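There are structures below to look over.
Two complexes follow with chain A in common, the first pairing it with chain B and the second with chain C.
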Partner chain A sequence: MLPEYKTSVKKVDNEEKMSGKALFTDDIQMDGVLSAVTVRSKISKGKILNIKLPTLPEGYYFISAKDIVKENVCNIIFSDWPVFADKEINYKGESIGLIVGEDKKICLDLVDQVVIEYEEKEPVFDMKNSAIHKDFEKGDKSVLNDPNLESYTEKFQTGYQEQVYLETQGMLVYLDGDKITVKASMQCPFYIHKAICRTLGYPEDKVRVIQPAVGGAFGGKEHYPSLMGAQLATALVKIKKPIKMVFDRKEDISFTTKRHPSETTISALIDKKGKIRALDIHVSLDAGAYIGCSGVVLSRALIAATNTYKFDYVHISGDAYITNKIPSAAFRGFGSPQSIFAIEMFLAHVAKKFRYPGVLYKNQYLVETGDTTSTNGKFRDKIILKELIVKAKEMSDYDRKEKEYSKPNSYRGIGMSYFLHGCGFTGSGESDLIKAKLIIRKDKNDIVTFYTSQVDFGQGNRTTLKRIVVDTLGIPEDHVIYDAPDTDKTLSTGPTAASRTIIIVGGLAAKAAQHLKDIWVSGKEQEIIEPYVGPDYIHWDEATMQGDAYPGYAWGVNVVEVSFDPITYEVHVEETWSVYDVGHAIDERILVGQADGGILQGLGYGYLEVEEMANGEFRQKTMSDYIVPTSMDAPKMHTAFIDNPFKYGAFGAKGAGELTFVGGAPAVCIAIEQAIKEKIYKIPANPEYLMEILEK
Partner chain B sequence: MKIKFNLNKKDVIVDVDPSMRLLDVLRNVLHLTGTKEGCGEGSCGACSVLVDNMPYDSCLTPVINVMNKQVMTIEGIRESKEYETIANSFAKMGGSQCGFCTPGMIIVTYALLMKNPNPSEEEIRLALSGNICRCTGYQAIVNAVKDASKGGKHE
Partner chain C sequence: MNSYIPTSLEEALKILFEHDCYILAGGTDLMVQNHRSSGLLPTFKKDVLFTSQIEGLDYIKVINNELHIGANTKYISMIESKFVPTMLKNVFVEIASPSIRNMATLTGNINNASPAADGTVPLILLDARLVLQSKDNKREISVDDYLIGFKKTDRKPNEMVTEIIVPLTDHKYLWRKVGSRKAESISKVTFLGAYKTSNNKISDFRIALGCVSIKPVRSKQVESKYIGLTIDELKNKKDEIVNDYNQLIEPVTDQRSNKEYKRKVAINLLKSFIDSIK
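Entry: the complex of A and B
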């Protein structure tokens, strides 16, 4: 039976994308465009003593730290990553310079001939140098003194994960008059804009960033393009000719940012009946060589550490460690997949210890409407998690299968994960840092145009945001124009990240459209500039990690069924059932797309995708080594949404992009545990790891 | 070296190194950018084209291998009636998100349905298995192929 999507509209970019007409960065043709290739460090830590260049043919250039116009720093949340390594090298692959010239092959050759003398130092690869520490607690501490409680501890590890957006990173820069103009595969036009202005010391109106078609991002194009932008803009100022830098897959996998590897230790104090009275959670994240956004990733990991549960007392702490490895950065979920994996597995293991079947054990800890969050904020909006669970059980025939597969040698398993995702930037970030402003205007012919800085890299937000405005105004679709972001035309409505696009920017677009409608005079030019105003109940203290971390939460339940081959140790995911509360589902087809893609990426994270680091270098560097799920690996997926409109989102919608990723890994691992009757402490739970467990 | 082949139903002659990848000839010499490079090593299918009606990874195909053969890219396929059916089914089922894999997926679908107008789900998944999609989870694409095989009903 094929689905019918009743609430869906035609996706605005379908035609251009299916026909191959859409222009992605590398598809853009420009006369006289030069290629840039990066010269990278071959050591993990040390000092550059000397750079010896080959003789550069006419028209070929070497651009490096000495060409920096103003500031040798890439503007990222915490700006410690240099545009070009100057004297210090902090990871293998760090950019030292660019070779720029007409023929990419010649550039590649020249890069190979650059000889760099280093003074090598001992690199640090283990998590021992903490750069950021966070710590907070909640509840009644007196329970810690209860002598009748037993202590139980487990440790969990998660590996790197590579985004594998199908279009690799790429950027084109050129001068339009004296304006630096950028077209790139990106997530956040204003991040790139700011990074370029900062390194060049240019005013905002001298830099323009325009978004072409973008082939996937998943967090991987949130920060890295800022570095490319700062580098290429530096080259452009010197060379004054259009320059393009497009990574091949190997360079992209080898040297761009990944999901933070983690180690989480959870200790519980448990009473005689098996009830957890107190919990201590510590999350360690490997930030790599530069901090960048790791502080924010750590915050999210910690805030999500108790997931959908409440306990009498919790102490949560964590560290982000600096190591001499490729910096880790954003990836769908942003820290929460790591800590949610840990708590889901921990509770499954404690349940086993006390012989509770399936999810019965963890159900006693579920948060309810009005409860406090892990940071002593409040879950204000109606929580319908229990309804989600009932529905997911029903769809998957969970209870029967759970019982059946728990028999010895079933080689089949079913696992169920619960999860939530805070939508929007942490705490008061939306009102204090991002301060989104949206322009909507109408011309004399009553044609409405509005602008956001949200990039559609596949999530369908160009369609949904437009629809929000069309439906609010109640005018025909072709009377509304909504194009991809261009920093010359739009005010910043913030980055395309943090599952904020629909809940925050969608809400803002609806409000702006409503205001335009309120003052609408046909035949007259009118304009509204709508600033974001957050719900007034949000109070957040980043230093103490106390208060309301997010304006709203989206919720989900995943059920995953697997079979296990005891000879090859291979796992096959048979089927998945997912139920979500994303507020009100505006466009079902787009949401199902997010749900299917999200869970498959989450499953891959849990059992398939291996990215190992050895001596500061990734072992898997190509798509034949780094395996992502194919159509044969992908299970049949069933998805349902339960309506629970959110007061502050557009048409009641909350975020969905990241939520759908988070539950895949724990659900598949709980299922595998049932199939193999052993415990899993590490992902990816690939055949090698399962063999290790089973043969110990 | 001058190499002649039939591209999208027209004869073309290119004067290039015979070992040049067909992908580069299409994109950089002939400026047909609908064919994408996702991996450059035969692992993703974004560069799929038809050579004598069989799907090929153009990143692994030296242009000399298509001498005197018939090559179809998305630029040619999109002019066909079959494309219209397939594209409508992709739209209806949500088979395209970021769109980077989509031309390749459509090429492979086209080839499958030519050979097997009524494929089972297994056969569809097998036919698509050389084409990576990181956005959709494949379900929507499999549904789209099924829908197209039933002639699709236009939206």
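Entry: the complex of A and C
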């Protein structure tokens, strides 16, 4: 039975954050704590011949590859990123070592005085060295031989994107007895834990990771903290004093991981009536210097490449390329924003070619309940996309506006994107890789405590996960204790990523709480360890990219209205309307927070946020040069949810974190196309690019 | 590095006579430019003189149809002042953010001498002047002459700007700041055009363009060619005017935009200004 949630609750962390009591990593004070500053490579590719250190004052240390305790590798999905560059340099800014000492200012001065001799080699900045290739097809291939079909090809590009979490990356490490203890700004406590154990060769019980307050992440704190953890733990083993490393904004923008830039080529075979009979999609991702998580990002990009549509035949392939640039990694959407942008623009362009107005053309390809997915899995759960579309059209007065703005020199446009997001880890990752286990226990006073490894970095999951347990048990809120993750207390329920927190961990928490309720004996200490059991229909073959890629899908429609200034080529986003199917909304206000923030970040990705790479270095390194939308740029936003409970989620909930990001960029670009009556092939569609299109 | 916090102008000028100092008013440029890393104080390479406690430098008054602005006057005071003309206020309200406008001064904006400064564009258009004082001297110089290059001014180390004088006019004008977003935005192009008419003739015609050269671009020589024409004659010379300014501006590509965009938008704004004249 689903509880009714007409009202939203106060977030459990409101008071501590509004009052300033919450302690973020840099707020944590410790006696005798040392600072660490990174020595970074100044070249993009080459060999280190010699490192000449300045004379280090007493109490100052240089930690580098020679200090590695066991293995010089940072544990990320594909572990090719060294903790410290040893001989080879693969990107500009790569960590060569740390200067550690009491005074951060002296550490910075010492870093400036380190002289490194290199043997420089020719760096590769273009996508030409493929490290990972994936390829799969679906449907009846015989259509390829039909001589009556016309071929139509387009290419799309997307740029870097910076996460711009409010709190920069930071970490504090210290010894508690002989135990390495870590407090950091993070998303995934057990990723850091594993990375430290691996580089030191330590058993699990010799490392402890505790989460303090975290100010935003967006995927940017999924993998990079593992590198910082491995580096600082190495230093701690040698120095044995507390060490803190907190990045300044400029260092954070310059050297931490970004969204993968992409190039997607789509070719269609189209019949005389304009119907696509076959589709070939190739997605290229720029992985940067190390593979890390890029293979998984590529998988998601490819699985999402046909978005919410079905075609008679599709061939999907992609490559992740190694280049001598800052490694790309996780960012809200994880590959799907790139490929969904491409297919949405492609279908809008084919519609124009055959003179279909608005979304009429793409509506003929919508997937329905029971259809196969791009990987020959099955959309088992009820799809209500058509209801979302009807609602979004109605809210935005889409049909009237679409017609009106299509007139010449309207300088106004309306765009509509459809999108889905597979919730949880790809394929059988939840059951085979993560294997989440959740502890819930009750003391003799009937006070219930439960533990997850989910980080609340502002998105509100501490509130929602607690609510799931409170409501399942039907006991007062103050009888349930749910604190931030601590690897000494919790078993891993997996990373805070992949829109899995509510659908997977929430479902697990509800199940554990229900089991506790079933065996509840008042006044008795009781404990349940609940393992994750995935839906038994999930079968996935990563090698062939065939099967059910995700346990469930969340769906969305964004409508964006823009005006355009033909004198300055500036776009003003006037208003947005969004309708989502995230299963059942547990707390609508928290969801609206995700929805408003998600679409604004997606709009920024689509028309505003420029991060250019020149000679292996970002050109925009500060908040005044890397332009994110301010509240003045935020349009009026309207958001609605249509209830469609999901059997396996907590109280019917699916994922919402990434979904709300995905549709902003294509919707705003389709709207801009209508305003300027020209086609867009790349994002961000900033004024400089729009001028280039209009003045060509 | 020493900090000086004088409370009188006399004391400040004495310090400047004896020490080479950064002069810090609101600090919104200097604190950022000398920022070292999070958790550390800024690192200044020479002594710093703080102007905030100097008495008698925070005022706005009108004398003989000229606006006199004390060097310590913050943007917010000018925006809220009844003496400051709308043209200036329209420029000032688009600078940075409320928190910056609560701290920053126009004097600081002039002395930072950035090609992307917004505040200097109307000053140059309005023939504004600065009063500079040193221990033994006091002089006046036009803002246009004071700005001598990229981040360079005519200030001598022992001098400080004590007042900005802006002649008050009743020009009709068009101001546009083109930034990369709607607030907290460093400009890509700024345009200020102003004119006066009498008996259907152009009696005054002024153009100032920001971000398209090492300092705001204004040419009295070019302007004088068009003063005295009828409105229609002026509009018929649109191509010639465009050509004149196309030669005067020299935008460069930077991390915020490119030179092609800056040139094109500057010229588009010039054209729309000419079209708006009536």
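The definition used in the following text is that the second predicted complex is superposed on the first by the 690 of 696 C-alpha atoms of A that agree within 3 Å, B and C clash if a C-alpha of one lies under 4 Å from a C-alpha of the other, contacts with A are read in each partner's own complex, and residues count from 1 in each chain.
One rule holds in what follows: a residue touches a chain if its C-beta (ideal position, glycine included) is under 8 Å from a C-beta of that chain, and two chains touch if they have at least 3 such contacts.
A quick note: this is a predicted structure, and the numbers were derived from the prediction, not measured.
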Open item on the list: Output check: A:Ser624 vs chain B and chain C. Expected answer is one of first, second, both, neither. What do you get?
Closed with: both
TODO: Considering only touches as defined above, state whether A:Ile567 meets chain B (first), chain C (second), both or neither.
DONE: second
Open item on the list: Let me test your reading of the model: by the given contact rule, A:Ile642 touches which partner, first (chain B), second (chain C), both or neither?
Closed with: neither
- [ ] Using the touch definition from the top, say if A:Arg249 reaches chain B (first), chain C (second), both or neither.
- [x] both
Open item on the list: With both complexes superposed on chain A, which partner does A:Met395 reach: first (chain B), second (chain C), both or neither?
Closed with: neither
Task: Partner chain in contact with A:Glu695 - chain B first, chain C second, else both or neither - done: second
Open item on the list: Is A:Val69 touching anything from chain B or chain C once the two structures are fitted on A? First, second, both or neither.
Closed with: neither
Open item on the list: According to the stated criteria, A:Asp26 is in contact with first (chain B), second (chain C), both, or neither; which is it?
Closed with: both
- [ ] Compare chain B and chain C by how many residues of chain A each one touches, and report the one with more.
- [x] B
Open item on the list: Just to be sure I read the superposition right, which of the two partners does A:Met632 touch: chain B = first, chain C = second, or both, or neither?
Closed with: both
Task: Shared chain A contacts, counted only where both chain B and chain C touch the same residue - done: 26, 168, 248-249, 624, 629-632
Open item on the list: For a test of understanding, state which residues of chain A touch chain C in their complex under the given definition.
Closed with: 26, 37, 104-105, 108, 168, 246-249, 251, 567-570, 608, 612, 619-620, 624-625, 627, 629-633, 686-688, 691-692, 695
Task: chain C residues touching chain A - in the complex, by the definition given at the top - done: 36-40, 43, 176, 178, 180-186, 189, 255-258, 260-261, 264-265, 268-269, 272
- [ ] In the complex, go through chain A and note every residue touching chain B.
- [x] 2-3, 5, 8, 10-11, 13-24, 26-27, 29, 163-168, 213-218, 248-249, 457-460, 589-590, 592-593, 595-601, 622-624, 628-632, 634, 636-637
Task: Interface residues, chain B side, partner chain A - complex - done: 27, 31, 33-44, 46, 73-75, 78, 87, 90-91, 93-94, 96-103, 106, 124-126, 128-143, 146-147, 155
